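Next come two complexes built around chain A: one with chain B, the other with chain C.
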Partner chain A sequence: MATARKPRSKSSNRNSLVDLESGVISREIFVNPEIYAQEQEQLFARAWLFIGHQSQISKPGDFFVSSMGEESVILCRDRQNEIHVFLNSCTHRGMKVCRYDEGNTPVFSCPYHGWSFATDGKLVGVPYFKDAYKETLDKSKWGLPEVAQVCNYKGSIWATWDKHAPSFAEYMGGFTTYLDFLLDTWDGAGGETEVFGGIEKWVIPCNWKFPAENFIGDRYHNISHRSVDMAGVGPSGVGRRDTTEREGATALDISFPERGHGTITFLRPDDKKTTSYQHSKIVSEYFAHCESERQKNYGKWARLLPGPSTVFPNMSYLPRQPRSIAVWNPRGANSHEAWRWFLIDKNAPPEVREFLRHYYITYSGPSGLTEQDDMENWNYAHNASQGVIARRHPYNYQMGLGFDGPPVVTDGLEMPGQIRNVTDAFAGEQNQRGFYQRWSEFMSAPDWDALATWRNGNGKSH
Partner chain B sequence: MAEVVNLITLEVGVKVFTTAGATIEIIENPKDGVWIFGKYTINPNDPSLVGTEEMFFAQDITEVLN
Partner chain C sequence: MTTVETNISRILLKEEIQDFLFREAELLDERNFEEWLDLLTDDIRYWMPMRRNVKANELDREFTREGQDINWFDEGKGTLDRRVRQILTGVHWAEEPLSRICHFVTNVQLLGAEPSITDPIEVSVKCRFLIYRNRVQTETDFLIGKREDTLRKVNEEWKISQRKIILDQNVLLAKNLTFFF
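On to the complex of A and B.
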């Protein structure tokens, strides 16, 4: 239920809910069901959203049931090898036409009355078409609703319902420089990457924005993972990741406030050798080889060690350790369904696969120790923010506001985005402010002409 | 009442009989229990359809022939 303090008009109150000049954000945007409902229309129906990976649908007829905001969608490869994303809801009376998680099929047959849809979405089977409809039903008008645009970017599949949305490339801007580190093979040679194992799916009782803003670059919460660091679940048996490879590196927070994306990145000195994955001989040698190839293939870009990131609005990823993608699917203001994909190079040897399988599930997902720490914070924070008294007190996003970080020396590396050096500060909140700046724009902008702020150069930043 | 045919178990090549009196050979089975893809081998009502392919609805299939 919305409270007496609920916002009345969309734009005026939205600005007062997200005050980036002061660095405060109302709790209403996390807990208010009315705002949540507006997000579905303003944000999830217009943004580019992550759907899945091409390795999940490698053969004609392969499908994977995914989610776009609240909607169930079917990602599938048709018989002509074309990739589609359809609404998973029968055009006759709305039944979910596909209730499997994934598989291969020539048709999606609705279990309710039997309408059947081909893998290109066309309505191909209508029971009693001759007898009951006298062949008057125009099947061409009743296929599965399809997204307006779909894009396969380096194997990752994205879609939007909005035909006026810019291309995926324009939506991302320079952020693909950082996304590439997730999607490329470890050696950066352009080989194939695939989804490893099943997709982990679980419910987290908090608003979807808690994890999205955490992954966009919350270095400040490192303290919550102290117990995991002590347990030493990392790939070399120390900490939760191989942080030795970051020694001497410059810590950068990179924000794209005009687009909403953000990432944590480390820029290491040129000559830095990495020692990582010291788990076992085969694993260490494999990654040492990948690393030396990576340095050859990426050249000076190999100096970047990418970290947690969020592609606006709800896709987050860890590009390196452990290499995975998460989508925070909204399921009401107070809950979301987290889905996690794990990525691996197709040619990784069995020992490496087995080692990574273990590391991935020990770190991430419902069984993951690190993710459990995070979930505990988000669950309790959300729960403690719902009351009428709690809602009177905004959250604080003032870290680093009003002053600049030290200059960034990139030695000719032209890194896109708004870059902030947080090496000495240890943390900052520019990425979160960028995220909520974009969120506010989506919530009030009438259309993509207004949303494409970069086209007229008026994308402002905080 | 005739026995209900379970489409899910039918393999490609199996012939079935329809309510319209036609004989169909299964060419693909999505195994959803609702539809099969088949080809007419006999169709007394419209012999010109013999050899053509179509989707057949479960409730139109009355009997498995082989």
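On to the complex of A and C.
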């Protein structure tokens, strides 16, 4: 498609590929390597990205090697207890200064020529500094490139390479209302959450946007998961989730099109107190206790039961069943590397920990009975979208377009975002459209002044 | 018993165990999943850790821990049985159409037999595996690693009571693990 390669103007490129008025999106944005290359510059070098969890680096010197877009980065807690994120590439000749996945170290020493970097990223050691450099090398200028901003939000660590990007709080806007349900403890009391040891990492042969848009609000793919629903991997032995807590709830799709985030959320009737995970004694007592604490701690907000969500661009999460974070790291237009963190309340009893761990493994990732089928679909959807004829036929995002859902009765809950009631419709695609609206803006906007549309009063949800 | 007799017992037992492992691979490759399940004890532990790159002096942290961490697999027969039932639904898209799979089992080492080589009721055996998977048209995976099994005699038949699977990969290069190791 010529417009994809040589757009007449940035806006025509955007309009021709992502047409949200008609609800169609060109396959080019998934398969075209030039668009993929633009994404690295326009999107991944400017957006806030998820890096890891503070429990992975609890002590000074602890590090975890993560990924921002295509690039390897080191998340590290320095000796002063400050959290840093730097590029994992020596400033001298580019060698990875760390090829371990995680650990604790006083220094990152490059295996190539021996330049050494402290846990705060500063260059501290240069071989032949006196003899070969005559001490003229300004070490202060050759530390590991560090991200422009880093934020620890309730234990989740985020970073951006763009110093002009808004703060993480502004980037998220009201979406933290929903993200909090993932990061807070199950009882909402503000205790500590940690990640299980073992971060799943695997390669999925499809563009990174397939899973990002699936998690943001795709309620339409039950057929994908029919086999697991029949085999029953859910905590109560049937289906793939324990859906009792959602009975009678209003199904909401919530989009933040001016920011790109989106979530599936359920709004329970006020008098409904049922909770999930009620099939074995210790586990059910624990979750029943958490639920009653949750009611106290969240008050009327406890009516919200969060579901699958995506923080723009490539961090997705499941806040409850199974409670986990995924990052879809781009690896070329045709592939990506999925990373998966699994969360647990630090004070959860051993029986609960074991119950959740088992459920997490059997639901999620490459060995998960549920997600195996997602990956097959994304794989071959991408595969069948690469040909010249296929590329002439855009994807359809028209579900729910052009008409409103029934009114949402929130009884005074001021929920942020563009909310659509899909209880009767079963599904809708407003969240996906919101995601691609934001994607187009990132692809064409010259800078963050243009990207921070909400500052002009244009944003619908704050 | 003479040394010769002990050696003969050992050779015969190794042959018997090796035959068992080959027969097991045959069942999997021929997609006789339910018969394969019958080769597992009811209390089987099926464990495949993930592997980290760690410093040479921290090798105890290389593998995720059974029973504590997230692992590729860490389960018993109930879950393995669900996996088989899922494949048999005919709508498990990740295995529908079914993959073409070949298990190669080699370097078989008999590590121990209890209570004795001549009259064993439990043996531990280590081997190398190479699993070739080809599915749909050109999609192909090679998964290579080590396996440590404990076999137990139940009603005069060998059954697998423990399987530890060590895959020689860090980032999993296959998109899923819909098959058995």
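Keep this in mind: the second predicted complex is superposed on the first by the 445 of 462 C-alpha atoms of A that agree within 3 Å, B and C clash if a C-alpha of one lies under 4 Å from a C-alpha of the other, contacts with A are read in each partner's own complex, and residues count from 1 in each chain.
Keep in mind that, in the parts below, a contact is a pair of C-beta atoms (placed from the backbone, for glycine too) under 8 Å apart; a residue touches a chain by one contact, two chains touch by 3 or more.
Bear in mind the structure is a predicted one, so any value in this text is a computation, not a measurement.
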| item | value |
| --- | --- |
| Clash-or-fit label for the pair chain B, chain C on chain A | fit |
| Which superposed partner A:V107 touches (first chain B, second chain C, both, neither) | first |
| Chain B versus chain C as contact partner of A:A231, first or second or both or neither | second |
| Partner chain in contact with A:Y360 - chain B first, chain C second, else both or neither | second |
| Partner chain in contact with A:Q372 - chain B first, chain C second, else both or neither | second |
| Vertex chain A, arms to chain B and chain C (CA centres, degrees, nearest 10) | 70 |
| First (chain B), second (chain C), both or neither touched by A:Y380 | second |
| Chain B versus chain C, judged by how many residues of chain A each one touches | C |
| Touching partner for A:F196 - first (chain B), second (chain C), both, neither | second |
| First, second, both or neither for A:R99, with chain B first and chain C second | second |
| Chain B and chain C, minimum CA distance [Å, superposed model] | 8 |
| Overlap of the chain B and chain C footprints on chain A, listed as residue numbers | none |
| Of all residues in chain B, those that touch chain A in their complex | 28, 30, 32, 34-35, 37, 55, 57-59 |
| Contact footprint of chain B on chain A as seen in their complex | 105-107, 109-111, 114, 116, 124-125, 127-128 |
| Contact set on chain A toward chain C in their complex | 99-103, 196-205, 223-224, 226-228, 230-233, 337, 342, 354, 357-358, 360-362, 366-367, 369, 371-373, 375-377, 379-380 |
| Complex interface listing, chain C residues touching chain A | 48-50, 52-55, 58, 61, 64-65, 67-75, 79, 82-83, 85-87, 89-94, 96, 136, 139, 170-178 |
